[in-house]
Every structure is written in structure tokens, then in C-alpha cells.
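For reference, the structure is listed below as C-alpha cells.
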């Protein structure tokens, strides 16, 4: 057992090392995750401490331009916050929301999809129509509704602290049907195959057949969706801040920083738009490139010679 | 087949019922429509009298019941802002969205299939990796920023393409206002379609590539190759055809989402479709239009998914949904 | 043949100048008017529309004087009655002649409109003396009669009488459904609506029989609503539209630097404030705490950095030019003083409060609120800020869910008392005064002076009363003042006199616009 694990590990490492793209994107992602989660230690300023922010410092350009300030390497935003620190903190928020929301979506969606596809019949129809109902209420309506519920439950003041879990729930809740429909379709194709019949004949429980036998064979589209969906979840949060339902302005995510950049696109203060945009592109690019490689590696149907 | 349709129609009605019920329970959260249709200095008493007149003070079940009774006659209520039947407003805005979605889908199909197949056949080629990487850039930039950047470059900077709206329209039969038949209308379509397809492309390229890679490893492809069939034919007929099932599934869901929620693209381009209409309705707390729209979209999703389910059956004979039992 | 050619040539020569004078203005506004019925809603957009399709009795000039329009002149008969002598030979778009009957009819309709009846509360029915003379009568002495006459846009009483094809009265004011007046209009204005797709495109055409020959040369106006600020600006920069309003402050520099477009700004009268709620927080009952907050807020800094100097830092409600304006009330940012006041009040350690602000109602509202949060944190008042779209904001505002709430106010009457009536009089559900006083500030003297000012017709005495109110509000720090928003427009350089047609009410008089 130990030896097999060792082999697998070494093969994993071997094929990883052979692929510069995978290595590069992994390195990139690792650095981004480390600096964003280490933001309280690394960042030169604390953007969450509003008493250190001074409006008179606003819209300072990056260090290498005229009229810059030595305190602010990448310049400041419209409030006088240090861009670099705000981006680091914001990236942490975005990563949390992206991964959290996708985990929730995947969990709900895979569960519903498996059950619907495997049980079929009325059960299937019911669950799929439920998915249609959910899809009809886009992220926006879900955000408005959960926001109202939240406020009734916790009051106005707690929003700043609880916005991240709230947004994870909103985005996770709004987009599970994507997974459900995809998994269901694959299950429909798989469940007539011989191996499922065989598993049934030897008396395995439906739960075991679904999780251990059918699910692994439906993973290709699920994995594709997942890597892209992380980006989508981060985008959904940005889109919510576009209409004013995202992270609180005093706790910006990368997405809400980009929304702020949208306002400044014609203003000449280009760094407000550009830096968060570049950071987000790099983050999502490395997640996806790593995802592309990992998917190929994990897929049992591909020969890896 | 007939039984299948009857079943789906019943289900659609059920979906619409549930949506309207949920819609009515949450519409208060959107805001107070009276705020939007009266000036700010109107007294609270005056506003309340109006609210009473519109029946917005009635118990929730009574309001819902009234809505259902009217809906049976095809009336989904009146939009507060447009001062017209909500369904009429929605149908008036539908052509704009459908045309945008159609051009976008066309763009996605034309780009993702060749790139996806190429990336599957030559996974390590630098060009394949370039496409894979570039497509991600589209999805890593929020669509509202992509949209404004496109406008910045192609309208403000270069002056090649118009910056907003649908341009010159032609009215076809049934009041369908189309931008497909004038050069001005087509020009207006270009930027929004690119912006919208930028968020769809990476998903489809990846999906096609991943599925194609799997298929290429199967025995029947090897057999077909060994038999000496033309490589192109092997790829398209034997290979690609078998990747269609997941692509159609995901495509179905995405198509529905596109039609319903091209919100931000439409807003930035001032494209007068259903998405922009919906977000404006939310902005104005036009609750009756919102509920009508949600019900409409629910019906739309059921329809699209029914079509997708039917297509499964055609593509993959192993699945028999239609007419089973 | 020759003769034909000559005729053609002559025709071409005659038609030439007329054609050259025909101009189309492409206009982009953030939102289009909600109806064709000017009485259906009291909002900036509807009044802009009214100035295009209708004419008021009198209108404001850029210098805030009254300019005669459909009323040629007027005289005060007694403290209650103002007699107007109407312009003769004016035609409505329908071809009906304009007479005093239309004024009487319009005022009666205004008093029925849910939105306007509040403003016209002091007015009794108008009386037509003859076809071209009408008496406007108030029920008690009223200092703002002429101000209110800028809201009287006479409608075509014949056109709007009777019932439409659905059997409904044509003069009904209907907010949410079909009505004749929502879809048809007949005014005396320079333009009539040729076609209209709500939320999409409006086409206005010049009215051939317009009474005022001294107009600009724009004979077609195409109005497109563009809700996104960035798109609206892009449309102007790309040359797809000729005139946009409003313009966000962060883009002012860009427009000024760009060739071929001009930026027009003007001090506005909408005051942006925060109201600390004394009912929710005992701390705010202490005037020293409220003063400390005012001293802590660097509103000049917000004006400079967030509003890009396109706003005026405020210390009172009335902008310069209003009767209540007091010269020596100046912004008082002084952090040390603020800290001292907090200490004196016993709140040196500070406390935590909640705040709400809209994020799509006022210019840069969200950014302003955010800046105020960090300013207040410097005197140890920790603020938990929640911003939300305006559709949800007003319900929350009315429910007073937060300890500090943002509100902006523009006086519909263009008069100081209006601010006090709505924002600072003791809240009273019966009378409706203090409707937007979410600070629950209450000072009987303010109520007394404001009410007295309503029936005071001596301008000097009235000004003294209103100035005293401003002083009290300032001394007691009833609210945290920020600034008066500036109004902003931008247009192509082809618009020759764009600077002259705008005004502080944000009703550009497009009828007077001259295009190259």
C-alpha cells in the first residue's frame, strides 16, 4: 500500500515536473494564495482600519510616476487606500468567495443530479423543475432576497463581518442547477451501461452505485465546469457589486475593486482600473491552467504515457 | 410523444405557479414601487392611499390569487413604469435579446469547436495553449469591464463601431424589430456579441477539448484510423459527434442563462433587451414587471430544457426520455 | 425646359437656407421621462420634458429671475391675488387656441395630482377674468406664488376633455396604467413628441406654429436614455450623441482635455447631508457629539478629491442666492476641536454606530459615505456602513434602521423654507412636516419660524426668519452638512450656446439651443 502510494505520488510529481505550464501556474497560484492570506502580515497598510485612510491621499499614481508618494507603491484608490494592500486583502476575499461558492454549488448540484438521473421518473422531473425554478431566480434576485432575510435576522451593522459567508451562500445557491443538469445528463448516459447493471446485480446499494461507480465516470464535465465556475463565482460577486449588492465598500473584493475601476475608466487614473484587473486575470488564469492539467491527469479514461 | 408533451406542459405550469408564489413572497425585498412612481415630497398618507388603490396593501394570498385569476386570461399584470401590460413589454424586448444571443451562440460555436478539437489533438502545441490561455482572459474580466473596454477601443478610440444601442431596425411580421437586415443594425451587434461570447468561450473550448480527448482514446477511433479513414472525417464524424452530449447539456443550461440574464452586457451597451429591462425593473422596484418576467423566464427554461432533453434522445440512442413508460 | 430649370433653381435656393438651418440634436439622459402627462410625477425628468413640450406661465432664467412665457406680465392685486395677463395668439399643438380657461383647467388638475397637490396646497381655484387675463388666488398670504407659477404648464383643456376610445376620461391622472394623457400630449411648447418608445428612444419635432420666434435652430431632438455613466460618456466621445446629462465628476478632466467636446457645470442646490438619529442613539442627543462629528468631517476634502471641485462644501442648507443663505456660516473642519468636543461630552473612547447610504441616487453617494466613515473613525466613532440601491434605500430610510442616514435634498420651491419643512421640523405624521427628519431633531423655535415664514410676504422679514433657522441648525449641529452637488452637462462643440440654455434647476431650454 505504502509502495503504491509512493509510486502514485512520484508519478504525479513526475508528470507535473514535465509540464512547465502546470508548474508555472502552480507557482503563480501558490504565491497569490500565500500573499493574499498572509496579507495582514505582508501588506504595508491595513485597508480595513478606516482611521488610517485619509481622503487627501486619494488617486495617487504608482511610485514610478510624478506626484506619487513613497508610502504607496502602486498608488491609491479614490478613497486614499493603498492599492497594493487593498488588492491583497481583496484577493483573499475573492478566493474565499470563489472556492466557497463553487464547493457549495458542486455539493448541491452533484447530489441533486445523481439522485435525479439515477432514480428517474417523477423524482427526476420534480428535481429538474426545481432547478428550473432556481435558474429563473438569477443571482440578483437571490442576492436581494437573502440580503433582506439577513438584515431581518442580524440587523444592519453585522453586514461588514458576515458579507463573505452570505455571498458564498447566495452565489452557491443561485448556480447549483448548472451542476445538477450536467451530472444528471451524464448519469442518464452511464446508468444503462453494463457495469452499472453488474453492480446492481451483485446487490450493491443505490447510494454506493451512485457515488462510487457512476459519479467518477461523470466527472469530466464536472471538472471542466468547476475550474471555469471558480472564475464565474468571482465574476458573480463583481457583478453583484456592479449593481450595489456585493461586498461592503469598506471591505472590497478584487471584483468590487474592478467595479470601482469601471467608474474610472475614462478618468485618467488608469491604475485604479488596471491593477486589480491584472491581478484577477493572473489569479484566474493560473487556477484554470492548473485545472486543465489536473483534469487531464486525473481523468481515468486517458492514457498517460 | 404526446404524453411526454402533456407532462412537460403540466410541469411548466407547475414551475410557473411556484415561481409566481415565490415571486410574490419576495417582492417586498426589492423595494417599494410607490417610491419610484411618486415624487420625493409626496406625503406618506398620499402614498399610502395610492398603495391601497393598487391593492398592494392586501394580504399576500389575496394579491397572489388575483394575479393567478388574471394570469389564466393571459394577463400577467401591468408594469408600473411602462404603464402597459407586463407581458406585452417583455415580448417587445425579447427580439433584442434573442438576436444578441443568437449572434453570440453563433460566434461561440464557430470558435469553440475548431479550437477545442485542435487543442485536443495537439494538446502540447503552443498555439493550442495560447488559445486556451487567451480564452481564460475573457472570463477573468467581468463582462461589464470587457464591454466598456471594447467601447473604449473600437468606438471612442478608433471610431469604427457604434458605442451603444441597436441602431437602425426593421420591423418584421408580428412586430419583431430586427437589426439583422441593415448594415447599421449589424454593426451595432458586433461589440455586444463579442463581449457576451467572451464569457462563454472558455467553458466550451475546455469542454470540447476534454471530451474530445477522451473520445480520441477510445478503441473505435483507433479502429477508424487504422482502417485508413481520412483524419478529418475521423475527427468530425467519429470523434466530435460523440462529444456532443455533454456539450449540448451545458449548452442548454447556458443558452437559457444567456437569454434570461444578459443583464450586464445589455446594460453597458444600452441594448434594449430583456436583461436590461429586468435590471431596470429591479432598480425601479417595478415589482409587477419583475414577477411577470420571472414567470416568463421559468416557462422559457422549461422549454429550453425540454428541447435539450429531446435532442439527447436524438444524439444518444441509449437515452430514451421521450415516450418512455 | 429652361423655365422648369429656373423654377427648380429658385426652389432650391429658397429651400437651401431652410434645410441648412434644420438641425438634429442627439441627446442622451440617464433616464427618460416616465410619461407624456406632465402631472403624473413630480421629478426632474418630467419637468425637463414639460419645458420641451409645454410652456410655463413664467420660467426661471439662469440668474434666477422670472422670465415671462405664456404670461406676458403680472400684477399683485391684493395679498391673496396675483393677476396674469396672458400672451395672445398662442396655439396648442392640436391647433386649439390658448386662453385663460386652459390655465384655470390646468391649476385644477394640478390640485388633483398626487405629486403636485402638496406644492399647490396654498392655492385656491384660479379665476378667468377674460380670455387673456387670469387671477391666481391663494387661500392665505403666500410668499412663493410666482415660484409656483413656474410649475403651471397650461395644458390644452379642449384636447384633454371627454373620454378616450376605452371610455375613460381623458384628463385622468393615472400612474401605473394606460391613460389618454400618458400617451398623448398637446402643449404650447417648442416641440411635440413625434414618436416614443419608452426607455428606448424619443423623437421630438419642432412645432411649426410656435409662438416664440426667438428660438434656436434645433428642429429634431432624438432622446436616448443611457443609464450607465461610462456608456453615456463613451457615446459622446465617439460622436454618437451631441449632448449628455449628467456627467460623473471623475470624468470631468477627461472631457475638458478632449477636443471637440465641452463641459458645462453649474453650482446646484441639492444639499447632501447625514442625519444622526437622536432617538436611536442617546449619544447624539448631546449637541457636543453632533458638533464633534461636523468638525471631524472634512467636507472640503470630499469636494476636492471625490467631487473633483465640482461641488460646493456646505455648512448650511440654503445655497448662495437663496433667501435663507447666511454668509458667515462656513465649513468647520477641525479635527482637534472635534476630539476636544468628544472628550468634553465624555465619549473620548468613542462608540460604534450604523450608517446607511444609497449607492445609485446621488453623485458618488457611496464613495462619500465611505469617506465619512473613515473621517468619523478618527474621533473614535466606528461606523458600520451599508450601502444599497435606491429602490431599497427609501424603505430603510423611513424605517430609520440605522443610526446615521444619508439624505440629499433639493427645494422644489427653490426656497430655503422647503429644506426646513422636510428635513428639520419636528416629525409630525398629521401635518406631514419633518417627513425626512430621520435625525429626529426637534426644536420648537425652528418650527415656529418656518411656519411663520410661509405666510410672510415681506421679503426682508422672511429672509431674517429663514436665516435665523439656518443659524440655529448650524449652532446645534442638527445635521452633518457635506456639499451642494454641482450640475453637469457635456456636449459637442457644435452646440454654440449650450452654456446659456442650462440652469440651476437642470431644465435645459433646448428650444433656445443653436447648433452649428
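As written, the chains take the letters A, B and C, and residue 1 is the first residue of each chain.
Operating definition for what follows: a residue touches a chain if its C-beta (ideal position, glycine included) is under 8 Å from a C-beta of that chain, and two chains touch if they have at least 3 such contacts.
Since we're looking at a predicted model, the values are computed, not measured.
Relative to the centroid of all protein Cα atoms, the closest per-chain Cα centroid is that of B.
Compared on C-beta pairs in contact, A-B and A-C come out with A-B as the pair having more. Distance from the centre of chain B peaks at C, each centre being the average of the chain's Cα atoms. With each centre defined as the average position of its C-alpha atoms, the distance from chain B to chain C rounds to 38 Å.
Centre to centre, using the average C-alpha position, chain A and chain B are separated by 22 Å.
The distance from the centre of chain A to the centre of chain C, each centre being the mean of the chain's C-alpha atoms, comes to 44 Å.
Counting partners per residue, chain B has 29-30, 148, 152, 282-283 as the residues that reach two or more other chains.
Along chain A, residues 144, 243, 262, 265-266 each make contact with two or more other chains. For chain C, residues touching at least two other chains, in rising order: 230, 234, 237, 360, 389, 392. Of all residues in chain A, those touching chain B in their complex are 21, 121, 125, 128-129, 132-133, 135-138, 140-141, 144-145, 147-148, 177-178, 181-182, 185-186, 188-189, 192, 220-221, 223-225, 227-228, 231-232, 235, 238-239, 242-243, 255, 258-259, 261-262, 265-266, 273, 277, 280-281, 283-285, 288-289, 292, 295-296, 299, 301-303. Residues 49-51, 53-56, 58-59, 78-80, 144, 151, 155-160, 243-245, 248-250, 262-269 of chain A are the ones touching chain C in the complex. Those residues of chain C that touch chain B in the complex are listed here as 34-35, 41-43, 114-115, 117-119, 174-179, 182, 198-200, 224-228, 230-231, 234-235, 237-240, 360, 389-395, 398, 412, 422, 429, 432, 435-436. Interface of chain C with chain A (complex): residues 229-230, 233-234, 237, 248, 250-251, 253-254, 298, 301-302, 304-306, 352, 354, 356, 359-360, 366-367, 369-371, 373-375, 377-378, 383-389, 392, 396, 401-402. Against chain A, the residues of chain B that register as touching in their complex are 7, 11, 14-15, 18-19, 22, 26, 28-30, 123, 129, 132-133, 136-137, 139-145, 148-149, 152, 199, 202-203, 206-207, 210-211, 213-214, 217, 245-246, 249-250, 252-253, 256-257, 260-261, 263-264, 278-279, 282-283, 290, 294, 297-298, 301-302, 305, 312, 316, 318-319, 321, 325.
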